[in-house]
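Got some structures for you, see below.
You will see two complexes here that share subunit A, one where it goes with subunit B and one where it goes with subunit C.
Here is the complex of A and B:
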């Protein structure tokens, strides 16, 4: 399993390494490895930690079997709705070599409607 | 390396061996089900003993190729088994069979709404090639007849998975199976996983608006070795995409006024122009996500059937069906 990395400027987490190779649905009640679970157990705590330490949070989305919109919106979308789009975007970076279009897609979920 | 079980010579040998075993079994126990002779003879005995209804399967036994006739067949079958009557599904005269039809048949046979004492007897196709295909799917006539417990296949060219939960890992096993057959090794198919995940997410969330995790999803893949194509399909027997939007009468009126008919409404849903039934701005993005994934060409020939709408995206065909399918069905292909 890939470990979370901490450098002088950033904290990195990997969805496939630290959470699930096959990301699940939107809500926890729907099934395992959900976006809600990812938000609660990993994304939110690591984001708050990065914020506290004044670091960037880098989320590596590569290496999974593929995402559903429910997972992405249920995690990243909810994070932005909870904390505010500007606050989150100022501290969050993505690695999306497998699916380069994911970053644009996630940002569209995070933007307030 | 080609496995020995795939050689025609070995398959012929196995067929002869099975026939010999059947003959011996009949000699040993003349009162067994096998002793009743052909599938047709057994069916007639069951019919007398259990007062079965009989339903003829359409000769083109395919959801994707002949949706109107197949929906008609499915509706009739559902009506019989849901009302608590046992049934003989007569497949003897079918000329074609596809895996999507088999999984749809299985989804009805094993539906929770079917009372426990209902028996479903499958009369095998006369065509040996089609009969083999049916066997390969795990729909074994004896198992189906007595407890409707269909064993999923563990070898061959057919795989199926089902669950009430959004178990994406289970669905992913179909991709691993297909890529091993297609490319000789496990590979990721990110857009195929996306279709499966979106459909499963929708089934667990929208297919039954009154109860959580009430509907089951059924997914299958069939590998056609001659053509080098993996045929995927996934379905549920929920309320369907269009009907899930029309839960409220006012919404139904608005949608009808704005889009005219269900085919146009379906086109708008896939293009992301219609809000989800939840009314929330951040919802209703799954189906447009599948529509966008098409442009990346990982899969082809995407077909969607839900309620009375048939969509073939490659042919840009959005048409109204004569019969309505209560549920949602997706079909697509992955080629070598």
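Here is the complex of A and C:
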């Protein structure tokens, strides 16, 4: 199943549809569907594509079994540390109906400490 | 002392004071009552006044009762959600302790942790939305503080560089226990506060 979509204003990716229904640990060596793998294969390439086209990147986080801090920090946290918090937040949107507080949680990992 | 007993006690004291004042006032002038002469006819105006007075009285009492009933129902919902949250928090803590005490890798518990944290933060988010809708800004702030502590607790348990391949270090265990105590206390204080509404 794929739910990656492109509109005039945004690119959308779904973690459960395009990556894994059971997101894994932080690093690739720790197991499958890690945050590191998600960053390398999906999040970073799609973010850069969205930036190049002047579009928003919408990440749909619904439909999974839940996220460990390691996965979220290893993907979204790393993205913000690599590219800068302001740059990333200006282009990233979330869909988090299953877990409304997840967006605040992710932003807390992305903010510079 | 439970609130309803306190309310009953206060009502009783107020009723006694009123009865005392009334008794003193009437006691001093009760003979005058026998000298009152009533008019033989009651005017329409007076009748309308009496009926309108009774209608307003009934309406106010009904509105007050309804408001009280709504508050009781809302309070019950929040108390139930608080109890579920405390149970979720204890489940996380019990798994954490088992994992550390048995020296097992967190891998045996990782999805149980992730799922329990999800349920816990959803419960508190739901209480927060409810408090927002009922316009209780102080309680909304408390919910935000609890949610923030839950993120810290989740980070200790599922965010370490060795999670979920290894077990937890003694330092991680101590930090986790401290955070559990903090959230547990906050949830119990919140429960007591809601119970006093």
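As a working rule, the second predicted complex is superposed on the first by the 113 of 113 C-alpha atoms of A that agree within 3 Å, B and C clash if a C-alpha of one lies under 4 Å from a C-alpha of the other, contacts with A are read in each partner's own complex, and residues count from 1 in each chain.
Simple rule for what comes next: contacts are C-beta pairs under 8 Å (C-beta built on N, C-alpha and C of every residue); 3 or more make two chains touch, one makes a residue touch a chain.
These figures come from a predicted structure and were not determined experimentally.
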| item | value |
| --- | --- |
| Subunit C versus subunit B on the shared subunit A, clash or fit after superposition | clash |
| Contacts of A:113 with subunit B and subunit C, given as first, second, both or neither | first |
| Partner chain(s) touched by A:32 [first = subunit B, second = subunit C, both, neither] | first |
| Partner touching more residues of subunit A, whether subunit B or subunit C | B |
| Partner chain in contact with A:99 - subunit B first, subunit C second, else both or neither | both |
| Which of subunit B and subunit C A:67 touches, first, second, both or neither | both |
| Intersection of the subunit A residues that touch subunit B with those that touch subunit C | 22, 25-27, 30-31, 65-70, 73, 98-99, 105 |
| Subunit A - residues contacting subunit B, complex | 22-27, 29-34, 65-71, 73, 77, 81, 98-99, 105, 109, 113 |
| Subunit B - residues contacting subunit A, complex | 165-169, 172, 175, 188-194, 197-198, 200-201, 204-205, 212-213, 281-283, 285-286, 289 |
| Contacting residues of subunit C [partner subunit A, same complex] | 110-111, 113-115, 117-118, 121-122, 124-125, 147-148, 151, 154-155, 157-161, 163-165 |
| Contacting residues of subunit A [partner subunit C, same complex] | 22, 25-27, 30-31, 65-70, 73, 98-102, 104-105, 108 |
